[in-house]
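Two complexes follow with chain A in common, the first pairing it with chain B and the second with chain C.
What follows is the complex of A and B.
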């Protein structure tokens, strides 16, 4: 593939050393992010999606963490990069917004203070210029009274406003990648829609690639072009958003989609996948999803399935898809 | 974009409250009568100390043997005179200068060193934390006054050395306080966010961790001044602090203790001064803790 990627994650393995041995939080994950694309990483809590994003930022505490594999950004492997190099990339090239806007701003400084600090960290703007830039960014993310907000403290703002501030801060340096780790989970539904709207608009204006980490399939359907479904630290299905929603192949993805409420159907009870995500120190021998899978067979329980290529970019890690994909299987 | 902006403008009701954290805290402090009483006492002694030369015509070290043991309110001596005929009021007023200065400087010293060590230990963890924390543990294993005596014995008797000793023995108090605060702050998302915008470690420490740890330090520091004043007096009383004729309250107590029956005022007034100042700082500190405690805010 001679395609141009902004970010290429290859065989990423993030392990944590613990008293129970090595825990594979992210186990051999690969995906690519194209310029201007929104890629969704979907999975339950504990599926390794947040660890993946922190690995990309180089924010995994080491020890106990250990990151192997490669993350290639602009032709450079940032797993191997020095802390200094990483600091230049962070914020400037790859920015991140977090799940909990209530706590992701420092409570003792004003919004302006923190915006200016973030801007000046990577540019040579003067305080005054940075101040203007800050106001401009706040206006861009739809914050009213931007000048006044610059002088206010985080506790004076609502959650939605704070998330806007975080987005303004992240976008002020014009990064090529924005990692959004469950950006709307902690917000009201109406505010969620506004924040997603805002991110979509910014993406268009700035041509930023977004890595959207979420457990909300509704958000994925609305925002993403491609989806990576993670389960137990592994990619279980990957593909174009339409394909994933129309013809999901992996039983886990099918279960996830079945468990989202739909307007047309009026079911008494919403479907739920039985069981829980396996804990890291007690991973099943074969397919990680086998214990919860209704269609699991002998081979599922004993052998880890490879990621089968089904059509083009659509891949699924399930033995059931072996027949569909025997010819073009990859990465056994 | 402008459509969106308009939507937002109409959706978000703006929050009217607009006050700085400190103004807010001051307002809450003002409502606490005991804290204000404590603050009043402290302020009273500060004024005494500052205006000492104006308030009294006598020198604090001028012995006048013909004037020994004059009772309070007699012959122009408000609080009487001591065994060497020195005006007690004068000595107490100058003593306030010493006690406040030593208490304040010792606490500032402990805070600077303790905060720094606490920040480093809490933020970096691992072996640095191990070493710093164990040293703190060892220091806290000794009764503090014993440790102070040992340090003064090594350094030699003087007010400055007493100050240094008191500063040293109180370092672990602040160090531990800051360390524990940093350990909890470190897990906060805004620290992760600061790292995610590429901030350097020292910048995170000084810009994010330090300001957020200030509240407990201020409270502990205010209470700590009281402790430091008592410790200065204790060292003085034991003959390890200020050297006569320095009018240090503890030393004054020690010098007058033999005349407790003959001239009780020579003991009562220095003792009362120590008690009052300590009480003042303790009341103020307690009030500050309540006023600055974010949990009380709601």
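What follows is the complex of A and C.
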């Protein structure tokens, strides 16, 4: 274990107490984020991606939420950290941007007020210095008329501009990790490409590690080095992006790839995985994907598969891969 | 903001004209001969004719309205039939008494109500939340006269901490200049007087402010709970904003917008004259003034009173709208 990680999520379990008992929104999830990498977390809506990211930020409301396992940041388990300690980390060391740029900024405060607040929370800059820093950040994310925008309100900006403001705010303290939860889902395609470009450039300049959450494998292909595929609150496949696209092992991942539009094939009817993500209070007994899987067998319906190691970092949670994993082990 | 204010002021003109027409018509809506209604069936024809002449009822309607408006615009509300005095002069101390009482009642209602609502929402489902909302529930359904009488019984009669009736002490009356006793005592440096005035204000303010306080507390709580779920609150949390500022800065300014409506409405209601409270506390306010006028059918006074109350409502509405736009930029820029 010589490798060092900026963030290590170990056996994360996030439950919600409800009238139907404990609902496991995130069920034993582990992954690592390396310095300077962009790690994608991909999966259909409802697979537990947002809950995972909010657990890292310590933003799961308790009650009804309950977070177990550990999240190691800088050698410290932040699941156990005090609220005060978490406040020092939030925004400053781990920053986050969200899916809904239209509602993510406070409508009754100016852009400047919200930027300056973020900067001054974690530095000893004066209001004036923070103001200049704010303008500098707005310029950096490509916002024209940055000085004027500081005095304007969120509703005066378009969705794309607001997301740029969110990114400027998140990056203003030079965090070591940026969590982006579907940052482009609510934006139209051209704006989406611009925002992704911006994030790529910022990452290069700042060497920030990015945890990019998306349901779009196209975004993963464009942005990430490694990817974690989530389904029903569990990691079902994990590996570097090239391997996952070339040799996907889990039927769910294969389905996701088949249902992602590619430019050359845009005339063909797109494949879609039959069925829906199971609801939390109605989780299948065995593999959570079994009810939708064309290759499911008896064991799939009865026993939860472990995460099998295929090669190197490539892992898959499917009984079909049991043999691959064993072969590798024997060969090694 | 300036342009918005001007626009709102211009929009007031048709409202005020409509109001004046309505109030003007009141005397013409009295069934039969207004003069006869005022003087009674037994009045002699000469007296009746003189009354008609005095009231201007013999002129064409349009001329009557013109005269009425000209007088109104000069601040002349006409003459009281009962006291034969100028209503504009007569009403001033009553109005001042009501404004002073309303101000303190609403001050109590807003400070206690808003903070109770905030804390109840912040500590949702805590014992504070339950107790505060129980009190608020009792508060909205509390009969004001009963609360007033209980206050008098406990704090005036039993404990003898506070005076139970009136605006000032009979033995030591205020030397009034503006009719607003607080201002009067302050500008004259009469701090003993000021203390007396404040003591007289406490019980009726609480009696009058309890219902608005309860309504405001409930409104603030539900509005805060709604706002705390908003995406921008999550953003602020993710920036590392502490809970206190999350509540009092980020959430409150948004949550206050619907509360403001309630505050405006309740202020208007109180300013309209709270007859019951004013009677119990022998408070010489507009409610009492109007009540007396109605019982002797002093129509010019009733007319003026209604006009006054309607105007107060319009002004409060304007203030509320301006405050909205001060809080919420989306209204300002429409």
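Here is the rule we use: the second predicted complex is superposed on the first by the 321 of 332 C-alpha atoms of A that agree within 3 Å, B and C clash if a C-alpha of one lies under 4 Å from a C-alpha of the other, contacts with A are read in each partner's own complex, and residues count from 1 in each chain.
The definition used in the following text is that a contact is a pair of C-beta atoms (placed from the backbone, for glycine too) under 8 Å apart; a residue touches a chain by one contact, two chains touch by 3 or more.
In this text, all values refer to a predicted model and were calculated from it rather than measured experimentally.
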Put the two structures on top of each other at chain A: do chain B and chain C fit, or clash?
clash
For A:254 in the superposed arrangement: first (chain B), second (chain C), both or neither?
neither
Classify the contacts of A:67 with the two partner chains as first (chain B alone), second (chain C alone), both, or neither.
neither
After superposition on the shared chain, which partner residues are touched by A:143: those of chain B (first), chain C (second), both, or neither?
first
Answer with first, second, both or neither: which of chain B and chain C does A:167 touch in the superposed model?
neither
For the superposed three-chain model, which listed region of chain C (6-14, 42-50, 60-68 or 186-194) is the one that clashes with chain B?
6-14
Intersection of chain A interface sets (partners chain B, chain C)
57, 59, 87-92, 95-96, 98, 100, 103-109, 117-118, 121-122, 153, 156, 166, 169
Please give the residue numbers of chain B that touch chain A in the complex, ascending.
1, 4-5, 7-9, 11-12, 14-15, 17-18, 20-21, 188-190, 192-200, 207-208, 211-212, 214
Seen from chain C, its contact residues with chain A in the complex are 230-232, 234-243, 250, 253-254, 327-330, 333
Using the touch definition up top, name the residues of chain A that touch chain C in the complex.
57, 59, 83, 87-92, 95-96, 98, 100, 103-109, 117-118, 121-122, 153, 155-156, 166, 169
Quick check: in the complex, which residue numbers of chain A touch chain B?
57, 59, 86-92, 95-96, 98-100, 103-109, 117-118, 121-122, 139-140, 142-145, 152-153, 156-158, 160-161, 166, 169-170, 173, 190, 194, 197-198, 201, 205
